[in-house]
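Once you scroll down, you'll see the structures, which are given as structure tokens.
The two complexes that follow have subunit A in common; it is paired with subunit B in the first and with subunit C in the second.
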Partner chain A sequence: MGFDLVPILLRGLDVTVRLTLTSAALAFAIAIVAGLGRLSPFAPIRFLAGAYVEVFRGTSVLVQMFWFFFALPLFGITLTPFVAGVAALALNIGAYGAEIVRGAIRSVPTGQIEASIALNMTPALRMRRVVLPQAFVLMLPPFGNLLIELLKATALVSLITIPDVTFQGVALQQTTGRTTEIFLWLLVLYFALAYPMTLAVRWVERRASAYRKA
Partner chain B sequence: MHATVDTPAPTSAPDAGDPIVRFRGVNKRFGDLHVLRDLDFDVGPAEKVAIIGPSGSGKTTILRVLMTLVRPDSGEIVVDGEHLYHRRVGDRLVPADERHLRKVRTNIGMVFQHFNLFPHMRVLRNVTEAPIHVLGLSKAEATERATGLLEMVGLGDKLDAYPSQLSGGQKQRVAIARALAMRPKVMLFDEVTSALDPELVGEVLSIIRKLAEEGDMAMLIVTHEMSFARDIADRVVFFDNGQVAEQGPPADIFTAPSNPRTQEFLKAVLQH
Partner chain C sequence: MFDFITFRWDGEFALSILPQLLRAAVITLQATVVGFALAVVIGLAFALLRRGPRPISWPAGFVVEFLRSTPLLVQLYVLYFLLPAYGIRFDAFTTGVIGLGLHYGAYLSEVYRAGIASVDEGQWEAATALNFGRLHIWRTIVLPQAVPPMVPAFGNYFIVMFKETPLLSAITVTELMQTAKIIGSRSFNYVEPYTLVGAIFFLMSYPAALLVNRLEARLARNR
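Up next is the complex of A and B:
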């Protein structure tokens, strides 16, 4: 079964996890800002947010990563592999997240907004205390899917020299030639990371939406 | 919205006899549909006005225009001596910005047909939220005010419940407490019992009745409950086709309506 391979693959675990969590946090912030931007009353802001979303959704993450790592230095901007990897992943996933944020905000019933106008809330207060908390609950399930997508996409960073689990696997495969065992273990590893994430998101969602079925 | 209005704005502070709400020549169209037609309409301070009329006649639209949920196309509306959609600059009136709207809106409250409670907040917080964050009350003051109001509507034991745990009648009573917590001078009720099961209508109407008897808040009540309108209103306004077709004391309107449209309408609704 090749249990002897596992400790070597696990050397990349720390990188994969750090990359996932850092990119996820950044992607979340970007998604909120860009999602709100797409709903802004100011046309230039709407345009900028829309352009960002379309560009980063419409092109390959891998090519984006290559740009950050290989092409930007030609313009005098050199990023460490980790920063280039995080930037590409966060911007790409953030673009999908922005659409989730926008959709969730728009599906909060208009009656909620009318009630908060009738209570004379400012637009900012309305957003912060009435709309976003309800939209957040709607965002959680699609955000959970996106988190898993992100975890799986981190495997691409091995192509810009970051030693994550996939990188370790490929290196090991080249030195030992034990192809099937190594890649089988990699699948198991990713799943072992993804499944608890799914459970965690579900748990948060159950807690956050408790008011609905209370 | 017209940029300016020729009619001069009131220059002196309102005295006790002035209406708290005044519509003059208000028009609202939705596409080709002319929903409010040159509407003139006044509400006295502390007056209880019941608005009745056929479906689609514009009753909800009047309330929504007054609550600033829908902008009228033209005309002027004055609330407590102050233009709602216009602001004075020198001796001219210019369209109001959000800040001006917020100032005038402090006088107005509304209760909706579908309650529109905040589902993610417990009952108490539904009622304290705006007093704290809009009026700037301390948490203790807001809680005291909210608890008092919730007890008044008979929900003193539901402070910690979520709206989803309440019946329709209880939800609407929370919504009334929530609106009252802002202490408006004018309260708008838009068919607040028509989404309720019949057996829950009474508990909500009795609270509105109590508010009407207590007094100093003006109330605009759109309703299909004719006997209720007759009981509590100082004046009944029959609305038809975007205009006031007939108005007067309930005794006159319900027993001897002069307008044939009113007669027809009352005949149809009172048969049920």
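Up next is the complex of A and C:
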């Protein structure tokens, strides 16, 4: 069953998890900023946020990662593999997240916004106390799905030499040649991480829709 | 030589590698189209199997969840390294296309499922009451109503898949990304090839995304 391989793979899995969490936190912040930016009353900010979202959604995450890793040094900026990997993942997932933020904010009923204007709330207070709390509930399930996409996308960092679980798997395959066991373990480990997340997202979705029906 | 403080874009070099990259873009497109065609068939098969009796639907459901929960890159490695170990030999392109087809087939099966579920129960009942055969119901009642709402989702997955084809470079398919890598390692100029690859992807996927959006808006208006 190849249990002797597991400790090495687990070391890689640790990198995968840390990478996922770091990029997720960063992507979340980027998504909020860019999502709000796309709804800004100022056209230049709208344009900048829109350009960011379309460029990062319009190109491939692997291309972005290679660009950060191989092309940026020629601009005089050298990133460590970890930073390049996190930057590419966070910016890519952040662009998708920005669209979730935008959609959720826009789906808050206009009556809520009109009421808070009638109550003389400042735009910032309205956003913080009325719009975001309602929008946030709508964001949760799609954000959960995005987190699963992010976890799977971290496998790409193995191609820029970050020793994540995929990297360890390929390295082991090359040194030991125990192809079947190694790749089955890899699949199982990813599944063990991602599937509980899928179930959690479904649970939240059910809860959210039950709340809306009530 | 490189100027490390202010970078200069070598336009002449970029122009000289453009034809090679565009030829590779054709491979990328071929992989996308063939992979998607496979995914459409595999997705329908998964969706129908999941509607079957329990001993069929449960394993089919598990396979779909498994394919969706593991990275495409690892799945490609499995196909690339594992199949030959069992005497099944495909070239890299075929292996890559099968990988894409399976991975996105799992995603598309959910689209099929939602589309089929969106057909009103009454349509089934009415068709049964009219004594239509099962095949007849599927062909003339259910699928014609189920498929149009699926089209935008299919379009979106087509674009997503197009943007995932660079992963095939990891199993040596000489599509866009692999070609850029080869140019880069030969000339030690990475900026131009990688930037051009990014631009080519954007120029193809962005208009396609706008097209899908318009289609979606039109369908929403018709309903």
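Here is the rule we use: the second predicted complex is superposed on the first by the 195 of 214 C-alpha atoms of A that agree within 3 Å, B and C clash if a C-alpha of one lies under 4 Å from a C-alpha of the other, contacts with A are read in each partner's own complex, and residues count from 1 in each chain.
Keep in mind that, in the parts below, a contact is a pair of C-beta atoms (placed from the backbone, for glycine too) under 8 Å apart; a residue touches a chain by one contact, two chains touch by 3 or more.
Quick caveat: nothing in here was measured; it's all calculated off a predicted structure.
*Asks:* Contact-wise, after the overlay, does A:Ala71 reach subunit B, subunit C, both or neither (first, second, both, neither)?
*Replies:* It touches subunit C, and subunit B stays clear.
*Asks:* Which partner reaches more residues of subunit A, subunit B or subunit C?
*Replies:* The partner with more contacted residues on subunit A is C.
*Asks:* Figure out whether A:Pro133 sits in contact with subunit B (first) or subunit C (second), or with both, or with neither.
*Replies:* In the superposition, A:Pro133 touches subunit B alone.
*Asks:* Going by the contact rule set out at the top, does A:Thr59 touch subunit B (first), subunit C (second), both, or neither?
*Replies:* A:Thr59 contacts subunit C only, not subunit B.
*Asks:* For A:Ala115, using the defined touch cut-off, is the partner it touches subunit B, subunit C, both, or neither? Pick first, second, both or neither.
*Replies:* Once the two structures are laid over each other on A, A:Ala115 reaches subunit B alone.
*Asks:* Touching subunit B and also subunit C: which subunit A residues?
*Replies:* Subunit A residues touching both partners: none found.
*Asks:* Using the touch definition from the top, list the residues of subunit A that touch subunit C in their complex.
*Replies:* Within the complex, subunit A touches subunit C at residues 54-55, 57-64, 66-67, 70-71, 74-76, 148, 152-156, 158-159, 166, 169-170, 173, 179-180, 183, 186-187, 190-191, 194-195, 198.
*Asks:* Subunit A touches which residues of subunit C in the complex?
*Replies:* Subunit C residues touching subunit A: 2, 4-7, 65-66, 68-75, 77-78, 81-82, 85, 163-167, 169-170, 177, 180-181, 184, 190-191, 194-195, 197-198, 201-202, 205-206, 209.
*Asks:* Where on subunit B does subunit A make contact in their complex?
*Replies:* These residues of subunit B touch subunit A: 67-69, 98, 102, 105-106, 108-110, 112, 114, 116-120, 129-130, 133-134, 161-165, 178-179, 182.
*Asks:* Taking the touch rule as given, give the residues of subunit A at its contact with subunit B in the complex, in rising order.
*Replies:* My answer: residues 109, 111-112, 114-123, 125, 129-130, 133-134, 137, 211-214.
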